[in-house]
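Written out below as structure tokens is the structure these notes cover.
Naming follows writing order (A, B, C and D), and every chain is counted from residue 1.
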Amino acid sequence: MNLHEYQAKRLFAKEGVPIPHGDVASTPTQARAVARDLGGKVVVKAQVLTGGRGKAGGVKLANTPDEAEALARRILGMNIKGLTVRKVLIDEQSPGIQQEIYLAVLIDRARRLPMMMASAAGGMDIEEVAETAPEKIFRVHIDPNIGLRQYQTTYLASGMDLPQNLWPDFHKVAAGLYAAFLKNDASLAEINPLVITGAGKLMALDGKMSIDDNALYRHADLEEMRDVDEEPPAEQEARLSGVNYIQLDGEIGCMVNGAGLAMATMDIIKLFGGEPANFLDIGGGAKSDQVATALRIILSDPRVKAVLFNVFGGIVRGDEVARGIIEALSQIDASVPMVVRLLGTNAEEGLRILEEANMATATTLSEAAQKAVQLAKGVQR
Amino acid sequence: MNLHEYQAKRLFAKEGVPIPHGDVASTPTQARAVARDLGGKVVVKAQVLTGGRGKAGGVKLANTPDEAEALARRILGMNIKGLTVRKVLIDEQSPGIQQEIYLAVLIDRARRLPMMMASAAGGMDIEEVAETAPEKIFRVHIDPNIGLRQYQTTYLASGMDLPQNLWPDFHKVAAGLYAAFLKNDASLAEINPLVITGAGKLMALDGKMSIDDNALYRHADLEEMRDVDEEPPAEQEARLSGVNYIQLDGEIGCMVNGAGLAMATMDIIKLFGGEPANFLDIGGGAKSDQVATALRIILSDPRVKAVLFNVFGGIVRGDEVARGIIEALSQIDASVPMVVRLLGTNAEEGLRILEEANMATATTLSEAAQKAVQLAKGVQR
Amino acid sequence: MSILVNKNTRLLVQGITGREGSFHTQQMVDYGTNVVAGVRAGKGGEWIHGVPVFDTVQEAVEATGANTSVVYVPARFAADAIYEAADGGIELIVCITERIPVLDMVKICGYLDAKNVRLVGPNCPGLITPDEAKVGIIPGSIVMPGPIGVVSRSGTLTYEVVYALTSRGIGQTTCVGIGGDPVNGTSFIDVLQMFEADSETEQVIMIGEIGGTDEEKAAAYIAHHMTKRVTAFIAGRTAPAGRRMGHAGAIVEGKSGTAEGKIAALEAAGVRVAANPDEIVGMVA
Amino acid sequence: MSILVNKNTRLLVQGITGREGSFHTQQMVDYGTNVVAGVRAGKGGEWIHGVPVFDTVQEAVEATGANTSVVYVPARFAADAIYEAADGGIELIVCITERIPVLDMVKICGYLDAKNVRLVGPNCPGLITPDEAKVGIIPGSIVMPGPIGVVSRSGTLTYEVVYALTSRGIGQTTCVGIGGDPVNGTSFIDVLQMFEADSETEQVIMIGEIGGTDEEKAAAYIAHHMTKRVTAFIAGRTAPAGRRMGHAGAIVEGKSGTAEGKIAALEAAGVRVAANPDEIVGMVA
């Protein structure tokens, strides 16, 4: 789960990371009030869960509450990469910035440890820095048993040639960022830029945070931060019933168990000239009612012209899946043709159930995909 | 630093360990008020930092507030093993106790890990159980990186044959005790007895806790719990100036650097027929003002008839020690004879300073101890 | 021969009384796996599918000599189960459970490394050595003994490939699902190393997917250390780029997280990469 | 020969700019120890007593090839210094600092064990191999080369014994102060093992004190594994029993924490135990 900038920065501030004074607003009037309280010179920032908002015109400076209101009016409702801006963050301006630093913590999958990365070349172009001048990015791995140690932040600060009088403050910011990462079960916590202000202090001007979905059960406070407005309704329903669903642009709905097999199924649909309408993994241990929900979600997409079921039972059982399909079809008026491929645990029982209900079946994945592509084309005719 | 029962139990309760309702009282009137609030049937318990208070009559049951007041009057001011009782804990009685369990966490020096011990044979005689039936004591080592795990408390509970319906509660109590141990940098946290009440619930009837003195700098709240009334004034002064001093019954004051050498010095005094008046380790890095304080403390004991200085410089420097002695002697009217033995780092400079001041010196430890014993006897004549 | 599990496996089932644990214990017993014990605190003394249940792993190991465990307990109890297995003297832990928080896995992996205990998974289908031992949830009906070692980050995609092999009469030494979580116990390299050392394994099939850099590292390993032929499939060529947050992932992975990057690395290492899973069978036949 | 430190020791001083660090660096340099670097964050680039100072251990190790470090930093920064040394590639860490909380030491020891890094101390005087290297605070003037290995839990009591040896012309291979804290890096057994294996050490002197069970464990080790003669002294025969709290300590240690218990265990293992430190010299002569 991704957090908005204002949410991430508040979590950082809780751990002692300095952030600008500011508040979030949902209307131009609110934006004006916040700007007035901050003395007028503010920055108005679209809160939207995607990158590139700056280039899209979602971040603007205002010098008066009037200007802030006008900018908020322009930015609120703006569409950035398919997402509607519903909130703006109004922060006080930080004049005379001396330097922009990049600082982040994430999981390094290869070393299986959290890693902190820092670079003196912060700001927008950090990915380019990573590619063209990787020696400008300094990294330390953090042993979770002993935490981030002062010598590690000294190594980063000294590597970045940070002025020595800022080393103790940098340690506090880095320790705060790591604490926010750890306490909130984040998979990413990033400050870009961390600036040296005109007054010579460190301040986190922007913040990003992704939370490990698997850990949300122990963070009720974070679950409440979820911005359901930014989530397509079908994906929301899927999430609530434990199904992993991502809507795409094609015409063949897929219901598969296992993310790898789901991706392979999409790949093979494309290989045979079709376009998948979605990624859908019903997950391990899926019960028949989950299968029914998944099918309802697939069919709620009007672009879907055929559905391919590809279930290879292991922890999922074929009979449960078959019953879920039959149950769902009894409730939905499904005019769309379907192909079912069922193998593995309890597949025989599942196939018996499906054949009783006159469903079309297939044996190999290639066969199933080709049938689905043909069926989808047949409907188009 | 040792905590009183009521302090330890409050720290346990903070971590979710059930304790009886109760409060502490310094006067019989207060004791009466607490007993009245608790409904009259209470237990009155002397709060004193030593064992054996039960046998000394420091723990008594009362059935009415009047009885509680009378008992408090009798117990307050009582002398138990040299310590005066200044507070009593008034707890509600726990009727119908079904079983007494022993539960403790401490550092196992050999394994270098915290260890939890539990026994179904709790109560007063647990040391005897340890000696005669060690198989009745169950132990688990706790890796501080992963904490106390549920399977470990299951092992303890199943080993003790605790009724299965109490296993979840026992896990909570054990986890709470370990949390209290860890959060407060304890070297010992002990519940004895942990009882199964008549209502079938677990409850910590007594509690003991020792805090690691070296960690007190990060626990201002615990430092405030220190009961300075239970500390001899000389030991308190020593502690505040960073000197490790324990008053004994003999006539030869010792000032030594290093605990091992201090003990060896005491041993050799005894070997030559003397009795040490104290254990005193001025510690590593002792400065001259600390030496002066230490000497003042030694001489404040009227039983002292001679003083033996035994300082082997390493991190402590001989010249600093010598200056401290001279400085102290310039402030104190010391009629007591002294022997100084000074070796190691900067010893030459120290000896020069001492010889200038006409102090008696010795070369070997045996020689120094013998001289001190003779000087002490000379004063007696 | 085979790797990791075989006739000498003495299997302990953690969470044997749960819905999944009980169902798959039956499947493993039916397959002929030597399931010697189950664990569920509070159910010690009971029997399930002819398997004795104990309150703790320690008791189970002492009583039965179990050397391998398989974990079916729900995610929030899985870390506890893995630590218990490691402390109880189990040498190989196979964790089927999915949705374990990644920071829990970071601590678990560090702990197990220090103890020299191997973990396969989590969020994996387990492993199977045909006709010897099935540990996890890979359907026994789709495998047969033979010369191919299979290792995969994916669950059901593994079944797909193994089923196709068996349908064509090509058997397997051992099939290992290492799981697709960001942090897990056993990597491609670990398993490739074991297959390289296993005298009966003649060829290896490796099934990867997008994300992380495990396939790229495996490619480097294969190029320098493998004498046996490796055939691969990478899922996710058509997967849409997620709405990425922040720059950190890109800094770490660069282009290497993509299917194209992985396929290029593998092909550079001499690995033949199939365009679809059905194709693999023809490539190893 | 000798153990742990010698002419090949390339010493790094952590906390080199502090009062103790600076003073003892001078002493170590004067003794002829190969002090190659010092560390103090923020003072990188400076020089102290002819020794270059670095901001981090990593930089110091890269620049100078330091293999051993000695820690003089104050207690609340000592854990950080030890972790830094271990992460920086130091093989032997000698921690002079006293008053480190015991729970910090528990974590440190676990961390170092997993990394295979040796720690001597904390709260110890360090070690010295006469005429080769002095690491810590043992006065160089009281030692001389010779055939006796000395190991001790006490600081100044060690000096006492070593001084007596040297005064009588009996030299030492290496003198090791392991420190008297409840949890520390190196035990009597670790050092006894090294002396047993060291070809130049002919006899060993072991100096213990009351508390814990390290001397008893050493006694068992000596009985079964030592061929060289061990002579011991235990301080604290006359120490008063502390006002003990709770029963836990007694359950763990029983009678073994007392001087009587330790002396009995050592004598049962064939170790001769001196009644006072001056006596030891005559027993090894």
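In the analysis below, a residue touches a chain if its C-beta (ideal position, glycine included) is under 8 Å from a C-beta of that chain, and two chains touch if they have at least 3 such contacts.
Given the structure is predicted, the values throughout are model-derived calculations rather than measurements.
Of the two chain pairs shown, B-C and A-C, the one joined by more C-beta contacts is A-C. The chain with its Cα centroid farthest from the Cα centroid of subunit D is A.
Centre-to-centre spacing of subunit C and subunit D amounts to 46 Å, using the average Cα coordinate of each chain. Chain centres here are Cα averages; for subunit A and subunit D they lie 53 Å apart. Subunit A and subunit C have centres, each the mean of its CA atoms, that are 27 Å apart. Multi-chain contact residues of subunit B (touching two or more other chains): 143, 145. Residues of subunit C in contact with two or more other chains: 107, 110. Of all residues in subunit B, only 2, 49-51, 81, 102, 104-110, 112-115, 117, 126-127, 130-131, 137, 143-145, 182, 185, 187-188, 190, 192, 208, 210, 212, 214-215, 217-218, 246, 248, 256-261, 263-264, 266-271, 276, 279, 283-285, 311-317, 343-345, 364-366 touch subunit D in the complex they form.
Every residue of subunit D that touches subunit A in the complex is listed here, in rising order: 41-42, 44, 55-59, 77, 80-81, 83-84, 87, 107, 110-111.
The part of subunit B that touches subunit C in the complex is made up of residues 143, 145-146, 149-151, 154-155, 158, 164, 167.
Residue ranges on subunit C touching subunit A, taken from their complex, read 19-20, 23-24, 27, 75-76, 96, 98-107, 109-110, 123, 125, 137-139, 141-142, 152-160, 163-164, 180, 182-183, 207, 209-210, 212-214, 217, 233, 235-240, 243-252, 254, 275-278.
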